[in-house]
Structures are given as C-alpha cells and as structure tokens.
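Listed after this line are the structures, all set down as structure tokens.
Heads up, the next two complexes both have chain A, just with different partners, chain B and then chain C.
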Partner chain A sequence: MFGYEFYIDPSRCIGCQSCVKACEECETHRGVSMINFDYIDRTNTIATGAYVCFHCDEPTCAMVCPADAIKKGEDGIVQSALKPRCIGCSNCVLACPFGIPKLVIEREQMMKCDMCYDRTSVGKRPMCATVCPSGALLYATPEQVARTRREKPNNVFYFGSQRITTKVFMMAPAERDFVSIDIADYMSEENDGPFTTA
Partner chain B sequence: MAKPPAPIEELTEQYGPHLNYVPLGGWQDESSNPADRLVKTHCCFCGQQCGIQLKVRDDKVIGFEPWEDFPFNLGKLCPKGVKRYLQSNHQDRLLDPLMRTDRGFRKGTWDEALDFTVKRIRDIQERHGKDSVAVFGGASLITEKAYLMGKFARLAVGTRHVDYNGRLCMVSAGVAYKKIFGVDRSLLPWSDIPKAQVLLIVGANVGECYPITTSYVWECRDNGGKLIITDPRMTPISRNADLYLPVRPGTDLILLMSMLHVVLRDGLEDKKFIADHTTGFEAFADSVRDYEPQTASIKTGVPAESIEKAAHWFAKADRAIALHSRGLEHHSKGVENVLSLVHLAVITGNIGREGAGVAMITGQGNGQGGREHGQKCDQLPGQRQLVDPAAREHVAKVWGISPDELPQPGYSAQEIMNAIHDGEIKALLCTCFNPVVSLPDSNFTREALNKLEYFGVIDFFLSETAQHADVVMPGSLQEEEEGVTCSGEGRVIHIQKAVDPPGNAWPDSKIICDLAHRLGKGQYFPFQSTREIFDELREASRGGVADYYGITYERIDKEMGVFWPCPSEDHPGTPRLIEGGITFHADGKCHLQVCTWRESGDPVSEEYPIYLTTGRVVSQFLSGAQTRRIGALVDIYPEPKVEIHPRLAEKHGIEDKDLVTVTTRRAEITLPAMVVRTIRPDTVFIPYHWPHDKSANKLTHRTLDPQSKIPEFKVSACRIRKAGGTA
Partner chain C sequence: MDPSQQPSPSNSNQEPLWREEFSIFTADERYVSRRQMTKFLTLTSLSMFAGNLWLLARSLFAKRGAAFPEAAIAKVGEIPVGGVKLFQYAGEQCILVRITDTSYAAYSQKCTHLSCAVYYEKEQNRLECPCHEGYFSIQDGSVLAGPPTRPLPKVTLDQRGAELIAIGMSGGEG
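And then the complex of A and B:
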C-alpha cells in the first residue's frame, strides 16, 4: 500500500500472540508463522515483544548467504531464501543482528517475514498488523503515526560498529533519536578504562 | 443416576477434546479451492464481539479474513478470533443424538431423543411437581435462543427454575447498576475511553480477557490520559500503568471505600451533581467515613499514598472513566464492590458525559444480550422483573397466556445445582453451559449431576458436563444460526448464518421448539426461523428497559449495530446512557447505596494462609469446551500453572516448573509452578479453563453474593506444598 510503513512498538504488546497465529494464515506461507515473539523475562516482568523482519536496506542475511539465496525486491522487502538455492546452512540465522530468520527444517529453507506482499500488493495491510489488538504492530502512514503516537519512529540501529538502516520502524521513547544496545554509547567518551592501550 | 456411562478416559478418547490445527482440506487447499463467499459476522469468543469475516466454501467454514470496516475492532482480533474458524469441521463434532447405554453412548434418532426427554420430564413432574425439573441456558447463545430458553422453561416445561451461566459472569455488576441507575448495561460506548483524562481499571485483565479493549486503553494514554490499575496481579496492561495498586484478593471494597473517603474528606466531590442527580447521599457519606487510607492500607496491602493519589487523580479529572470486570464482581460482596466503584464515578460527576462514566466489561460472547430477555431466574424480556405485575401482564399478553400462568422467580444457577444435590430438583435440561468445569467446587457439581434422574444436554461437543447426560442432542455453533447478540458496549449486532449444522445436528432453536411441541405447548412456539423469534422478542421487550422494538436485522447491517434502548424504528439508538444524569429510575436520580465490609466466605487461616484467585488466559475461553479443541490455541498455554511470587516460592523450596500441590478446604490439585514476580506474595493464581485433575474449580467454594448469587471465584483460602517432580 503506497505511503504506508510498518511500525513496531513493544511497549504496547500484551503478549496475546494474535500476530503469531494470524501469520500462519497468510497465503504465501500457510501453516508457518514468521513472527518472532518473546517473553522478555517472564519471571520478572509481563513485558513481551512481537517482531517482524526489519527489512534492512543492506540486509546482513543476504550479505552472508553463501548461496546467494536471499533477495531484496525493489519494494525494499527482503524475501525468504529462494527454495532452489537455499542450502540450509543457517548463516543468515546466525548473522542477522535482529535474530529474525528461521531455518524451517521440514522445508529445508530459511523462511522469514515477507511483509505479506500478497496482501499489501492488493491494498490490504499485513495480516499481523491488521489483527494486532494493541497497535504494537502497526501499518500506517507516517502522518497517522505522528498524529496519534507520542513515541518516535526510529529506523537507524547500531550494533557495535555496524550501522543498520531499515524499512521497518521501531518506536522509541520520544526524547531519543535512536536507541543503542551497546553500553559503550552510554559511557563517557574521554576514557574507555585503564587498559585501552593494552 | 447420571454418572458418566464409561470411564472419563474412554469418553475423552472417543469424543475429545482432540486438537484441530489445520483448515479443512489442509493448508494448501485454499490456493486451488478458494472460498466462494465471505460472511460478515462476529467472533463467538467473549463479549467484545469483534467483527470478523468467515471464509465459506461449499457450506463449510474454511478460514477467516479480518473485517476492517466494523467500527468496534477495525479488523483487530485476538488469537481466539483468529483461530475460531477451527471449531467448524471439527472431528469431535456431535453429528447424531446420543443415548446413554451401559457402556458409553450409542447413536440415536431425533424422535428417540426428543420423545425420551419429554417422557422423562413428564414422568418426573407428575411424581415430584413442575419445579422438580430445571433448565440451564447460557450467555454464548444468540439473543433469540436466550429469549427462547426463558419462554420454553416457563411455558413449555412450566418450571420456575431457569437460569444460565451468565450467573458466573456479570450479575454482580447488573444488580449494582440496577440499584443505582435502574439499568443493567455499560453506560458508555468504547469510543469514549480514549477521551478520558483518567482511566481507572479495577479487576480487569484487559490484555488477556478483552484484548481489543487494550487498543482503547492505549489510545487514552496516547492522548495524555493517566492509567490507574488495581489488581492482585500485574497483568499485561499494567506495563503502562501510571499508578498500580496491588490490592489483596477480597479487599477491593475497602480500597474503593477508602478512595471515596478521601474524595469526601478533601472536598473533591461534585456537589452540584450530587445535589441535582442523587438520592441517599448522607447515608452513603456516613458509610465511608471510617475508611481512612492508613487503615485501608493495612487491610488491602496498597500503600496509603497510592490510595490518596488514585482518589485525587480520579476526582480532579474533568473526565474520568472507571472500567471493571470479574476481578471486582466474583466476590461474596461483588454487588457492594461494584456499587462502590460506581459511587466514585457518581459523586465526582463522571456520569452521562462524553469521556466520563463507568463501564462493566462483559466477558461472555453474548454476556449482555443473554441476560436481557428472560433466561435469568428472576427476569422477563426487556430486562423486566418477573415479580413486577405490569411486566408479567405485558409479557403474558405477547405470549398469549394469562399472567398467572407465568411461574414466579426460581433458583439461580448455583442454587439449582445445590437443589439437585439435595434431591429437590430431579431433572435438568442444559445447553451452552459446562458446569462441571465452570461452577465452583466441582467435586460437588459432579456428585449433584450423578444424582439426576434425567439429564439432557444440547451441545455441539461432548463437554465434560455432557459426559454425564442420559441424552445428548447435537445442536448448533454460533455460525449456524442467524440472530443477534449484544456486545459489552450495549451494541446489538447481527450474527450471520454462515453454514448449516453438519450431519444430523440441528439448530438449537429447532430443538427447543420441537421439544415444546412434544410437550404439548406447540402453539406458543410456532417459529419457523430465528427472525420470527426476534420479531416476538422485539414486542416482548417493547417499553422495557432493554427496549429492542426499533431494532431490525436490516438496521443493524446498515448502521453497524444499534445500541439499546431503541424504542422505535426511527429512534437512533442510545450509545451513551444516563446522558444529563437522568437515570432509569422513576425519579431520574442516581440512588446512592450503603455498603458494609464483610469477610470472604472462605477466609484465610493458619491452616490455609494463602489467597487463591482464578481467572482466564488469553488463548482459552470460559470452560474451554470449544477452545481446548483448537490446537493453535492450546499450544499458547497448554495446561494450567500456579503463579507464585519468588518470595513465597522460596519459602516452600519451590522453583519454576516444580510440581506444586494446592490445597483448599474442599480439594487439592497438583500443577506446575510458574514463579513470577508479577503476583502478590500472599496470593497464588490458577486459570480455570480445565477439567478433572487440572480444575481450579475443584478448589473454589460455593459462597454466593446474597444479592447477585455470583460465586466467590476470586478469593479462596489455600495452602501450598512442593509435590516432588517437575513438569
């Protein structure tokens, strides 16, 4: 759908797994769910998170694929591995900084979220973002998001020295430009510690 | 003697629950055999009644498609909605009448099942009187069937004992709202929720039990609204609470009375609203005078400053909404609990305005509509009272009988089960109700059912309750008959028939009407379709509180639902009740009440020092008769666990996944531990959807609220011990 983008906001997730169950109803991969769902740490919190593929501008999964099986289309969507090419080596599974691709053993193929191109190409929203009861997965225009949400969309991520830009947006607290998961980014810059020169 | 006619394991082996994972024809079938039509209807699981489209091919439901135009949920669905289509074409579906034998059940014919039923009812009534037979209905039935159940019981069977499983759901709220407002319905449409500045959610696990309401709650916060939650557990919506009050089970009344105390102490009440729109204020104000936050804090386990803060936030907001559900209502003082929350909205003037008010979140599919038209033991259609002579006259006229022919009020659901156990009631006809799983103290329920001289069940699957039956009549799923339901908002919506019942299963309404004919009362049940039943219901409800007279199937389709009361076809319906503060009482006022604290019916003691509370998980619905048959839902949460705080777990040497025995004054069960920091350390939680050795309701007790007759599911006393072994 033209002008629509995908937004993930784990702070809205209620852990219902509607996305997980609806995904497997989709035309292109019936019976296999592509949603990555996590109980963050159930002992200590009810927080949960549901994730689709972030659809990187320069997909790490494709870069590490020895069989050249992972393709990104002109629409920016990174597809599941091409069945005839995929050798099931799991390089992509290990390399993806977001932990998205899954090796589906029964199909001998890496499968991942394709953003429901069968639905979006005919003017429907992706299945997960349609059914999500809480708006944790949202398919909307940037204007709608700016109008209705306090959180800020972010699609630049740093994993150590790797900078990744993505098609899918992660909602971040309003006061941040981006959210780093590297502790170094939160330390003072003058000194990394006594042994930096070692 | 309605004991299961074969070992439970054998019956389960034959009739399930078995798990259905895959749509008819397999996952790949739809690409070559697409659906021939999409049927716009509603999900059958829970009172949100989300719009959904069922994919139908060759008179079979093969899948679903979101219905994005339906204004309540805009295509959103929880996993129960996503997978509800898998209840169709299920291998466990009953396709023929079943007759009890010495060893299980055999297939029977309809004539055999119906004639046997009628003969037994007549025999027993001749020997023991009309009221020796009871009828159970349910709140998953479409409203036409719910209406039919009340009429059938009173006219065809001639018993005063008819009640329904909504007795386990909404009745405390219903009684409280009727006392204060003279009407039993949420006061506001859900579109008001995002407009509130403060949202107080009491005893409602919104994220799991009413997932779509989450979206409205988050929108309220997106708009800058503050969210206050009171619950003994941190449920998923508590992750964004601005204020969380971890109330001790059974002490909600003290918490709310204390908030009321703070409002009055600090002069935050809406004096003008109270003067113009209430009665009984002085007595009410006296009743909360002693509930100081410091004392309340000790009783409730909620810090006094949190009580003060919650009261201040709510009272100082221009627009505040209070939402509640079973956590507040499933108590032996459920009515008082709800009264106190409603009092908070009333004395702060948060009634009958956009973005302000109080709403009960209905739990069962047709929890609202199922309790409006006469299958409650004390009620006639249109929310009329059975004891009211004018109501009796109106309904008797519509039915073509004399008011004297209408029985007087009978027992409520648990009281019926008690009377069966006592031997006073000898026969039971049950539909849409699985009391073996859903009533408290299930060993008692089984003993009672075992004593029945006749037990007939109308159901689509052989539920744990139907295993006890003499005759099982295969009925219809929600998608197999046209009709209406009423959602938690008070919106009357249209359930479309998508397919015919399979095999020799019949539509429920046909079974009831046929039985009525065979009982010699056919002239009162001439219905050829549910539409004809609805038309009579419109007349029967006319002029009542829940007035459906102006509602038609066609209007519902055109207007995406119609909110009752709707007294004429040119009336727009009533999304928001009590507008301008004018209630349904004759004087138009809010009648404030006096509440007094009392202990739970199953108090904690040295021997049973821990609170047990029960509830739902997101992937299961009520007694699980349907959802325990859907594999994709069972996978999310396969079996019940006991939620225990690490502090309590450590005291007993229990680690996550260890088997734990939970013992109450009635029974014990052993389940795996789920050690979580999200429950009070003095409380354990078990979801109630499972039967037999995993049944939380083996542990619960039969204490009822004296007014609403709701069982006290939300607080029992228990002890725990490590059982040895892990899951």
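And then the complex of A and C:
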C-alpha cells in the first residue's frame, strides 16, 4: 500500500519486545498484542524473532474457516475474524503454517495482525515497524530495502508440500529463492528433530 | 527441497461452488444491494398474487357437480354391524361402515388435515385420524375434535336390491 512493503528479518531481532508493547497500545485492540514473538531454541541461544501476519495470497486460515469469518481485502490484508461470525473454533489457529492467529478466549474471537489497517490504509506505518530499533520489522519501499540490505526479500514458502506466497517479505540469505521448511522435522517426538524435548 | 517437485497452487477455476459463493476474498463476494432485494421481493409477491388469482379463477369456473361413476362396492350383509370395508372410488381410498343393521355410511379415508388414513372407532362410534387425533362424526363426516377444519368427503350410497352402489361424493372440498 502506498508503495510500501513489510519486511521481517529475524536475524536483526534483539528481543526488546518494543513491537509487542507498541501493538498492545493500538486503540483498536488495546491490551492484546498481535505480534507473534518467539524465543528460538531458548536453551541454546538468546535469538528471538518477532513476526507479524504474512498475509498469504491464499490464506490458509480463511480457507479453513467454517464460518466465513476471515476475509482478505482487495489491498491484500487478511483481517481478523469478523466478530459477528467468528465461532471461536480455532481452526485457523491450528491451520496457519506460520502460527499467527490467536484465539482470544475473553472475546471468543480469533484476532490476528491486520498490519495496523487503520494506519497503513491511510499511508502511515504499522506501529511495530515504527518502534523497532533494529529494523527487524521494516515497512519500507522495495528500493529502500534493496539499497540498504544484503539479504534477499523472499515471499515464497514451502511447508512440506504446501506452497505459500505472501504479501509480507521475509529476509533470507541472498542465494535462496524460497524458504522451505520440512514440517515432518517438527512433527517427530523423537530426539532427532531440531528442538529436543530432553 | 526442489520447488519443481511441489504441486502447483490450487487452480481457482476448479474451486467448488460453495467456495465461489463464500469467497475468502472480499472483492469476489456477491453482495445483494437493497434495490435488488426490494425488486426480488416485489416481483416474487406479485407472481404469488397472480398465481392465487389463477387458482381462484380456476375454481370459480370449474365444472360443478361433475358426474361421478356408479360403482358397486359391497353386498348388503357382507360386513357385520360395526364392521368396515375399504374400497377405491373416484380415485380416492374410501371406507364403508355398517353403523346399524340397516344403515351404512361411506367416507373418503383421507383426513382433511394432513391426509392420514382415518379408521372407524367402534366403541366411540366415530372416525378417528391417528396422526393428530382428529375425530369425525360417523353420521355426516363433520369434525368433532382435533386439528381438521373441514368435514370428510361423504360418499353417497344407494341400495339397489342386495347391492350397495356408490353414486357420488360430496363435501370436503371447501
């Protein structure tokens, strides 16, 4: 929108959680943060990652919604579940390959990042991107990103056999054309996965 | 993982109908405007009104007292007092009851409420519909109790010698 795109670079995340707090401040959903904040393998590293919704071109969350509550607008933003329709079934929570939607029990509604629709739809930057001190969450023009970043913006993801293209870009090593995650690695309960339970 | 081995993303031309009608993309949603809705309601009620006029006209100009065939339905004394005999007459399933030694009555068996088959209740001497407990008089077929509002069509009987002849059917149409 307005020539800007959203870029996520987990390698720049310093774990300050400014984005989480800034998101909570938004008056459209005060007190509930839509940032998906991750500690990546907490026992071995201090690395963190902050993610917003990737706004898939074919959103899995909307496709599995039995109540027709999740809609993708013409501007490419996948909105939170419509309050009058959402039945709180958590289908979207389970289906989203990025783990973005959250069921807010008190509101009996799924709420997710809508890229600060009240702000970005009028040309302002999302709250999280305005406060991020390290540029891990960046809302900028593609030219600006090409000029200032080594990494390659990437919006093609493979989760097992599911191919997903997204509106939001993830910064990946320059030699990669797509991001691929073998979900079978994460489904195993044996100690051969990337995350051990021991 | 090699992307060339991946299945291609779902083709939107092969979407099922329900997915088309309830699209996840707001741009593809099929909204109905207030004007469309009003037009639909007006035209639908107009056509229903016209249909009712046609039904009214048809019933006004329909032939009255269409000739019923004569049909021998039973022999006198064939059934005992309080006994019944079922028969077909003029395309209707009918029931013949011997009320007393000499008097008979015959009615359409189709309840005027929801078309269940009525039967003769000997102890109460009335016709009963088991579905919703509608009761009809055995004398003239009028409603005694229950949900039906119209009397049972009565089959007019004529006794000729030892035979009972059905010569017509009346009532129950209003």
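Everything below uses one rule, namely that the second predicted complex is superposed on the first by the 181 of 198 C-alpha atoms of A that agree within 3 Å, B and C clash if a C-alpha of one lies under 4 Å from a C-alpha of the other, contacts with A are read in each partner's own complex, and residues count from 1 in each chain.
Keep this in mind: contacts are C-beta pairs under 8 Å (C-beta built on N, C-alpha and C of every residue); 3 or more make two chains touch, one makes a residue touch a chain.
Quick caveat, the model's predicted, so the values are computed rather than measured.
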Fit or clash - chain C, chain B, common chain A: fit
Touched partner set for A:Tyr158, first chain B, second chain C, both or neither: second
More chain A residues in contact - chain B or chain C: B
Which of chain B and chain C A:Glu74 touches, first, second, both or neither: second
First (chain B), second (chain C), both or neither touched by A:Glu58: second
Chain B versus chain C as contact partner of A:Met170, first or second or both or neither: neither
Contacts of A:Met34 with chain B and chain C, given as first, second, both or neither: neither
Which of chain B and chain C A:Gly15 touches, first, second, both or neither: first
Chain B and chain C, minimum CA distance [Å, superposed model]: 27
Chain B and chain C footprints on chain A, overlapping residues: none
Sites on chain A touched by chain C in the complex: 58-59, 62-63, 65, 68, 70-74, 156, 158, 161, 163, 165, 177-178, 180, 182
For the chain A and chain B complex, residues of the former touching the latter: 11-18, 20-22, 24-25, 27, 30-31, 42-48, 125, 127, 130-135, 148-150
For the chain B and chain A complex, residues of the former touching the latter: 22, 27-28, 30-31, 63-64, 66, 68, 73, 75-79, 81-83, 207-208, 211-212, 214-215, 218-219, 222, 234-240, 618-619, 632-633, 636, 646, 656, 674-678
Touching residues on chain C, where the partner in the complex is chain A: 1, 3, 6-10, 22, 24-27, 29
